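Below are two complexes that have subunit A in common, paired first with subunit B and then with subunit C.
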Partner chain A sequence: MTTSTSNMRRNMTPYYFLLPAMLVLAVIILYPVVSNLIMSVYKVKLFRGAGDEFIGMTNYAKLLGSRTFVNSIWSSVRFTVYSLPVAFVLGLGMALIFNEIKKYRPVFTGFLLVPWAIAPVVTGYMWRWLFHDTFGLVNYALLSLGIIDANIPWLAQPDTAVGAVVVANVWRFMPYITIMLLAGLQGVSTELYEAAHVDGANIFERFFHVTLPQLKHVIGVVFLFATIWMVNDFALIFIMTEGGPAKATQVVPITVYRIAFEHLRLGKGAAAALILLLFLLSMSMLFIRVLFREQRKKADAS
Partner chain B sequence: MLFVPPSLSYVVEKNTTPTIYNPCSQCLLSFIYTAIMSLKKILLPLLIILAGCGGEDGPRPNEPTTVVLWEFGGVPGLRDWVQQAVEEFNTSRSDIQIELEFRDWATQRESLISTTIVGDGPDVVRVHHKYSVEFGELGGLYPLDNFPDFPQVKERVLDNVWELVEYEGKHYGLPVTMLPFVLAVNTDIMAKKGLDTPQTWEEMLALGPEFAGSGVDLFTMPGGVNLDTAYRFLPLLYKAGGRVFNEDWTKAAFNGPAGLAALEFLMAMKNQGYMPPGSAAYAFDENAAHWATGRAAFSIEGPWWQDIVHGNYEFDLKNLALAQVPRPAEHIGPHESRTLLDVIMVSITGYSKVPNEAWEVIKALDLDHEVWRNPNPTMGGIPTLKAAYAEGVQSDYINLDQLAEAGANGLGWPGHPAVTQVQRYIADAVNMALTGTMSPKEALDFAAEEVNEVLLDY
Partner chain C sequence: MRVKTQAKIRTWLAYGLGGTFVFALVLPLIWVVTTSVRPLSEMTQTPPLIFPRSITFDAYVDLWDTGPFAKYFINSVVISFSTALIALIFSICAAYAFARFRFKGATLLLMVVVMSQMLPGSSILIPLFQVIRAMGLLDTHVGMVLIYTGFAIPFCTWLLNGYFRAIPVDLEQAALIDGCNRLELLYMIILPLAAPAIVAVGTFAFLLSWNEFLFAFVFTKSQALTIPVGLRAAFLGQYVNKYDQLFAASLIFSLPPIALFVGLQRYFVQGLTAGAVKE
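Entry: the complex of A and B
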């Protein structure tokens, strides 16, 4: 009996250490999420004194039946799917180049970080004016090079506006991806490259059979974080286009903002935010499953 | 002020502090609710203790009362004047001191929402008149009718502007400046082409071919997904005799014949290349830059325009004229032709602990100060004081007569608590049409459907 109690105490000890952290997490994460969940099944009348009305899943049903909301999901997906691969390929390319630079690497890395360090609001305004149809530098450059013969209203046409926000987003995200991959590259053992070289592997074979497999986990983490950030992105797009034109760039966070804070429908806004959260959670879990599949297999085998 | 944690919901009664109530009657939710409430039992005392460490509330005896004034942006001249007037006030008064804070114009609503929810914030705000209804209803603003000298104050201000700050018989702000919407004309462009300012939509469209291929647009407007877009559509709607809602405000009416004609007029200009192709993404600044750099002849603007284009873009004011917004040659109706009028008001917040001192501040700064007796272009709008239009008053305003005429014929946005949402839907509709995503009728009907759903809540 005494041994059993002692064992139990010993088994519980790690949980006692975890308790403060769990409490903090409960207050700052669980509490808002649960509040949000509850709010989403009510028609919340913030000020009017009439009391809230329990409406069950009505907010969710309305949202999923709303053309605007469904379109905004599509806009979010499109924004992420267009941005992420481009940012990744460019970021990987930059990381490979930077990995070869031995001299002044910190200086270059510092410069590279500038787009990532600038506040999204500033980035948004900067790109908004760069893409301005009359005064923008983009049109000026393209006209000067003879690529176009008339100004393009980049932010006034749905398709070009999507392209413009993607370009701005790639510009902002690429440094983060570069830095992460550069850190990963520096962890790859040179012996692996030497062995591959001895085996007669050319540069492409070394890249596909040594570099990429060694970077797999870093790439997974980069994709996971970048996806979450891009799907959640609000400031850059809102400043550049406010979700327009014709709602072409109205991603889910902008829709949530509109519903909750412009239209003051907090219940519906909470439901929309929760749908976004569920979407991100399921995607994250999928990523993590894929990412740690091998470790899990090894663990199972042992 | 005690912080109230975000709860399941709040009920903020008019002019009362928020009270929390339990809306949970469902089993699972009740459990979660109870858990949260238990958590509050721990957190609340802690927060009270923390709040208690924050210092004393209210002035000590013989100390001046502080009145916090939030000045929401406006034109640079107004900001400079407010700064100076507050300094003068603080020097001249030992009993009241003003604490001035400048805020961004675009953050008015968010600021009023958040401060009203927590019941703490500034004592005086200079904001758009439309918030008198939305926040008057919510208890976020203090009715000026409570002050015994209000009738005398009311007497000194133009009669037609009071209805814009009134809700259910009470007045929630002192109207200080009027902003009637007029047509801003670049007279240099018109003179070079030998053209006259159009009076009707048909005349305006007829001018279009004169501009084709010249690199100068006939007309420019902010047509992006922002409220400025709705503000350019509404003067045209009003001119055509349309209104935002039906008679009893139960349904949208902006999608009626007048609204459709107004949007088709804009579309005709867009499709025929008389407007900048990028206007469907323009907000106020882009539009101002386009017009003020001589790239368009007309824009629908107001009294702020003179100061903005000269101050920000060094536009030569000799080339600026103001005229009435064109109307359709044949009246569409069903209402009389009007133009859009906005008013900037100064209000006392509903939770202010010093409303009497705040009223003193308002009277000193925005009623008795001499600046309001002379219409001054640097203040962003024309004054609402009757004294400003007395004989012999000098003014630097260009075409003050046109502004005054538009002001006298002005009609504000409907004083409905949901007016900001309605403006958003109208802006979306105009933007949808301008980008060619929907036809004018489809866009207006879609927006009207959304607005009708909103109106069901009231």
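Entry: the complex of A and C
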């Protein structure tokens, strides 16, 4: 009898420990996820009057037929697809250089962390100021170098605005990529590298056939995380352009915000948010599968 | 001898290129720093002056009394510290349960934690607004702390869980026999051993709320407005843009994250690359 009570008590202990965290998660994460799903098939007004009206897939149909929403998907894709390769190549280059630096490396990586540490909002204001058409450093530098002969209103034209937010985004994400790849490079076996050297492989062959394959896993993680973060960005773009001009930089999260809190269509906004979530969820699933498979392999090996 | 010279050149080249890269990376920030210390007249000069003619720290002084910045600053401090503390306590308990007990639903709950970690804020913005409004917590410190705690817990729990698991159970078993209860075990044995992870996780939760923009932007109006949202209200107006003060405030605001990142570099990099890098 006593054993069973103490067993019972022991069995309850973990739940007591979990309770506060799970309660917060339930209210802040789980309930909203479910609620979002339900809202997306209703017509929901910000200030509830007669109650919500069930309208099935109408919100989704409307969204997919809406120029603004489809355009915002393209804005998100553009933003990510332009930023990622540039940030990756620069980040990889930096990682390879930093890998040669043995003494004082923390000093270099310390500076590297700065763009990653500061708030996206600050990054946004900073680049807005740098791209300022009359007082900005970018125009001044390009003018002085003779590359352009008149100031460019970077943030006032669709194409250049996209370029400007991409530059700011690359600045912000490159350090993360460098840190990750630098950590990955520490695990690259030097024996293989030396063997390739002895076999007469040149520096490029060694890089593509020895270094890169061993970084595969880290590169996968970097691409997934960076994609998720970039697609999800709101602050940086909103501060720099507010999604403009002519909605050229209005990415999906900004559209979600506008539909819900400017046009006050909560149901439609929820549907847009769910489309975003489904995309990011499928990316995360992929990540988790890769991670667990890797761990299982490690467990089998040992 | 030739090999040695080659290696030397290679090292110097690395330092040169690395230094150039780093300089290019921080150049925008240097420009912002110089903007914050020049008089407004010099700032709005065409072409811009690379080196300010006169240096003034007026912006750093004025920003505290001309606008509501001081209030936003206090809001940010209160909300971020509260979030860090509460998220830490809740996550430590949850992680301890995952690391030390076998119980029904453990895998499922851990999956929930892992999945929540990946959940983008904008995807639940709208229902969350309704939740916070229904609780009467719009534009309150409590509401913001609750939201940030919810978003901090998954990563904190996940990281601590991994760390706790690596601590041998022998110590706890000995203490259990000595009559300690679970809370005492956690407090006296686990916490001191897990100090580095706890510092890292607390920093994470602090910075998450310190730097956050979207929720603060949608859920606060004035009472609980934090710096990321308040910068515009305080310094950018329809007629006057106080760029010097905007950037002075931005830099003050950026100091804690920079200090924490650089100071805790080692833990931070470990946490960031945990699981991503094969050992």
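The criterion applied here is as follows: the second predicted complex is superposed on the first by the 251 of 302 C-alpha atoms of A that agree within 3 Å, B and C clash if a C-alpha of one lies under 4 Å from a C-alpha of the other, contacts with A are read in each partner's own complex, and residues count from 1 in each chain.
Here, contacts are C-beta pairs under 8 Å (C-beta built on N, C-alpha and C of every residue); 3 or more make two chains touch, one makes a residue touch a chain.
The structure displayed is predicted, hence computed values, not measured ones.
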Subunit B versus subunit C as contact partner of A:109, first or second or both or neither: second
Partner chain(s) touched by A:153 [first = subunit B, second = subunit C, both, neither]: first
Which superposed partner A:78 touches (first subunit B, second subunit C, both, neither): neither
First, second, both or neither for A:39, with subunit B first and subunit C second: both
Partner chain in contact with A:209 - subunit B first, subunit C second, else both or neither: neither
Which superposed partner A:257 touches (first subunit B, second subunit C, both, neither): second
Which of subunit B and subunit C A:197 touches, first, second, both or neither: neither
Partner chain(s) touched by A:133 [first = subunit B, second = subunit C, both, neither]: first
Per-residue touch tally on subunit A - higher for subunit B or for subunit C: C
Contacts of A:31 with subunit B and subunit C, given as first, second, both or neither: both
Interface residues of subunit A shared between complexes with subunit B and subunit C: 27, 31-32, 35, 39, 134-135, 261
Of subunit A, residues touching subunit B in the complex: 26-27, 31-32, 34-35, 37-39, 41-42, 44-49, 51-52, 54, 132-135, 151, 153-158, 161, 241-247, 250, 258, 261-264
Complex contacts: residues of subunit B adjacent to subunit A: 6-14, 21, 23-26, 29, 32-33, 35-36, 39, 43, 110, 113, 116-117, 137-140, 223-226, 276-283, 286, 289-290, 295, 420-421, 424, 428, 431-432, 434-435, 437-438, 454
Residues of subunit C that touch subunit A when the two form their complex: 10-11, 13-15, 17-19, 21-22, 25-26, 28-29, 31-32, 35, 43-48, 89-91, 93-94, 96-98, 100-101, 103, 106, 109, 112-116, 118-131, 146-147, 149-151, 153-154, 157, 182, 207, 210-211, 213-214, 217-218, 228-229, 231, 243, 246-247, 250, 253-254, 257-258, 260-262, 265, 268-269, 272-273, 275-279
Subunit C-touching residues of subunit A, taken from the complex the two chains share: 11, 13-15, 17-18, 20-22, 24-25, 27-33, 35-36, 39, 93-94, 97-98, 100-101, 106, 108-122, 125-127, 129-130, 134-137, 140, 143-144, 171, 174-176, 179-180, 183-184, 186-187, 217-218, 221-222, 228, 231-232, 234-235, 238-239, 252-253, 256-257, 260-261, 266, 269-270, 273-274, 276-277, 280-281, 284, 287-288, 291, 294
